[in-house]
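Worksheet for the structure shown next.
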């Protein structure tokens, strides 16, 4: 399956097998990604983890690890701190270390976003090698259009190169944002940043779902070329609506999988697992929408 | 007791025993922290050390060391300069080196707070190893919501990782502050920064007591997961009031100890020692409020 | 032919042959450059790659590689990410890694341009040596007149020196831009930045075509001395108009070749190849305009 | 005498003797400092060195070295450039290298002060060891209350640590300054910054004389603990007035010596030497005011 | 002759001979400098190199090298890029590498000047040693009074130290400039920055000619002490006027030579050579004004 994948030239020969193994594990042999995003405890502080529509379980960070270890997922993305603290008890999870993060406390109107790199890639490599944790890759968020864009583009480019040098994957969260950005969901703009991520060299670009029907994502998928495009899940919706949209995105636009956070972890453990499995079925196994809904509903 | 503690994966095998020994010493075998904060000589300059309600003793920095060496405490946190100067005469104190600090001379209205790292962790390790001082960990303050947040989050993340690499603990002082922060004592916001500190990987998060009854801290304790939450003592109050509040915080919200500064060192040596011991009894020994008050009152 | 070239003194003796070989390959033995610019996926996001006047092919980044591998070109300039991803399948292309890039999302009126270095030259050298890719040089954009000029001049100077230390070429894109620049196409200003690029030590300066007839470029060519001046192709025009202008620039002003992007890749593969070959004929072989037009028209 | 001094723990065992020898030399065996400040050629440009009330001699920088070599002083503080240029001819002078400096050309109203580190401590060590010059320590100025405070606190802390690592002394010039500072001579504020310098770990804090009678300095002396407080001499005054004020500062407030610049070097060589010796008598030998005045008057 | 020179203590013993040889060559054995400044292609872009009053020759950068190689000069100062490109053909020229430069595109009213270091001194040393070029020293411009002053003072100080460590000279261009500077030609201010350059440790300070008669430079010469003061030549004037002014500056104020750019290179090769030789005669050989004029006029 990973024959679909083109190993980039910045993966040295000696790391080629590691890279392919990581891609194979992360994409569950399909070349497509089912990423469970668990970085919101910084990005949204505690907003996503408590509330009327949020399962009680979600208040405890361990909920994320319980889901990720029991459900069928490709990558679980979160910050190093949580991975280091819970990872030893959840050693089977395939991890992606999110290397930067910012809070939501400064609205864009008060200042363009800036999110800096927390750890060196060499530190992630050291952690991977000394802990035996299943760390397959690294992630980083860029905000094209921010007045601080140049800081983040430079950090992203170097992170991707260094990750590849050590056989790891790199996923870039790419969100146009800043006082000059009037429509963060403009399909053409999202296609632009998807192409930008390809120029940075990432294996996958995680973008926001553009305005309009799922087919508008085709421009982004095309612009990104061999870099896979995955869509952020966005806010809470019904599981059914979510799966339907994802099915369309995959089949109408050819996206390379999904990246979902709140829509998973705000549910109880059992439901979250079933939803993950349904997403994986769609993303990775070419399941039909019906099959996925059955999995979600527990047959 | 420290079985309660989950050694994070960024502590290498060779430093695991050091880390556990440090946790054991800092938490007096309980997994809960009694931290004496002595970093105010930068943060508040001389405001906390002189005045009508402040014991004469407190004008001299050695007062801090006398208390810390004679009372029962888990960690004494202060800047490297004082530790280097007084430490050799107070070698039994368990030290935590506070790695950043700023003055209070610029009000938030005139500029968002920025406090930078003073020393590299490698320098602290060198000091620890060459001096034989009892340096168990490092501390750092972040101001989520400051426009300079990204500088401090990156420094904090790296400090924690590097401390763990050398078997040391890391405590993060986490105070939401900046021109966009309207309520620094909002319980939900404090829960958010407690979760953020968990993502950074710290062993303990020191937060301000939120508005409302002690139970509101439960959200923060939950959000922080395996990272212990301790509450800043805040300004001067009666010792009785202080102990009562702490007792409630521990029993109603499950916080992992206490972090107290002015409420200790603004008292005379004798009273400060008795208060420390009472706090330790509550924090570490599951003493009743009555028992703690007896200790404070000298039986 | 490359006798025309003066090997700069920052190329060490041991890298002299590599440098001369690179110059020879990049200039196709002529000392003059035909550079195909493919860095617009960051600079202009997806704007150049889709639209009524743009060939369908151009939506996919591989289009660039197909052209560059089948046409006669001297250098194909793009970001490392694309080179790493597609390079192994297009190993014969002579690559130039563009080391910085920015988006077009912040208009100059909202902030002077700043484009930072993405990779260290040492990383490019490592990539070249481990991948066997045909990486001949590096590129970098400066914006003289931007309030951030000092950052970019310093990065450019160091990049050029380091590239030469490893036998690689350096091409500087030099565009006066910023809130203090009233006319980016002033011939005297463009001559000034061409001379500036010579002081930085680059082998070629890529400048915008100045206002006025092609002869006004003579000032720039002279100011740059032994550093070759090549002109950016600018936006879409007819192929005939484009070739005519280039012919005049070479013969009236003595420019050292051409650097063309959109005018090439916005065409279908077949037409793009013919246009490249026509440009090469003019730039490198001293073809007449008639001959070049014949090549473009496919005889 | 230097028994009074507590060797800080960041002086490694192997450098302990060097440190004690340096302290002994700098304090002339007394534990108290007579520092001659000669850093005004940057701080005040040529303002202090020419004028109706300034001795003709003072226009030439060598005047500083003549005084420092012939008078009895503990430390002569100036920039590396002058020490390197004149030091070989004045090898007996005990030098302190001032590591940062700024001009007075930007008034605080136009921008908060920022003074950055010029040389690495390792460069000073290299100079000391290769030149044989009598370099006993380093100095650095901080401006608490400046919006750039965080840069200077971090540089100061690291400089002090590194100086101690090599057995050198560290003196911090600490001046509250910035648009938020309304009274730079407030005794309580000066006490605050003296305590801050102790937290940084310096051996001596040089502060401005506070408003009010000399006794108000007691708060600062106490706040600084084992870090000695010395007072800047301030602008020109009569020698008699100067000595009287110093005598009171020492005896009423217990300051650890003096740091004088203009009041010394603006006098002719002969008078400057006599004044230095009188200051040393007061600072170091517990001379009476009468004795000091006799020395100044040449018996 | 170079006995006049005091080798600074930051020149290590092993580099002492190199340093003295460099001084001897640069000052043509006189201890006084005849510096030909050729850094205007960045500082003034192409403004100085084309125009009614400018010799046609001057449009080509090689003009500078032709003059410098055929005339009698002490140092030819320009950017590394030009030296690397033309140096191998002009190997006898004594070079000084100017390490920073900025354009004139941002007027001071729009922003205080900032000019950053382009190359590390270690890179210059590598170039010198591997190329065999006659690189005697390095140069750097500071703008005291700019809000970015602290960046440039720190870079300058370190550059000088590192140059001396490798036996090279250091010349500082020192121009007070910024929105707070009302008179860049104030003699007292120029004396101040000359003294500042001495504190940085440079061998020569290049300053602007102050307002008033040549004698006002005496204050600057005195303030700089053992650091030689040389005057920038300023804009175009008659050669006779230029030589007369220089003669007065040397004899009335004791300046240590001259630093001339436009006044030399804007002339034809032949005239430029004669003017250089006349300047050298005045600067280095104690020629009379009459003798110098004869040399300029070609006997």
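Per-chain numbering from 1; labels A, B, C, D and E assigned in written order.
Operating definition for what follows: contacts are C-beta pairs under 8 Å (C-beta built on N, C-alpha and C of every residue); 3 or more make two chains touch, one makes a residue touch a chain.
All values reported here derive from a predicted model rather than from experimental measurement.
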(request) Enter the angle, 0 to 180° in steps of 5, of the rotation superposing CA atoms of chain C on those of chain D. (result) 145
(request) Could you grab the centroid distance between chain A and chain C? Build each centroid from C-alpha atoms only and quote it in angstrom. (result) 35
(request) Please report how many Å separate the Cα centroid of chain B from that of chain C, as a whole number. (result) 56
(message) Quick check: what residues of chain C touch more than one other chain, meaning two or more?
(response) none
(message) Please classify the inter-chain touch graph. Allowed labels: line, ring, star, complete, other.
(response) ring
(message) By the touch definition, the chains form a closed loop. What is the full order round it when you set off from chain A toward chain B?
(response) A, B, D, E, C
(message) Give the list of chain E residues in touch with chain D in this complex.
(response) 6-10, 12-13, 144-145, 147, 149-151, 153-154, 157-158, 160-161, 164-165, 176, 178-181, 188-189, 191-193, 195-202, 219, 222-227
(message) Show me the residue ranges of chain A that touch chain B in the complex, using the header's touch definition.
(response) 39, 41-42, 45-47, 49-50, 59-62, 78-89, 100-103, 105-107, 110-111, 114-120, 123, 126-127, 130-131, 133
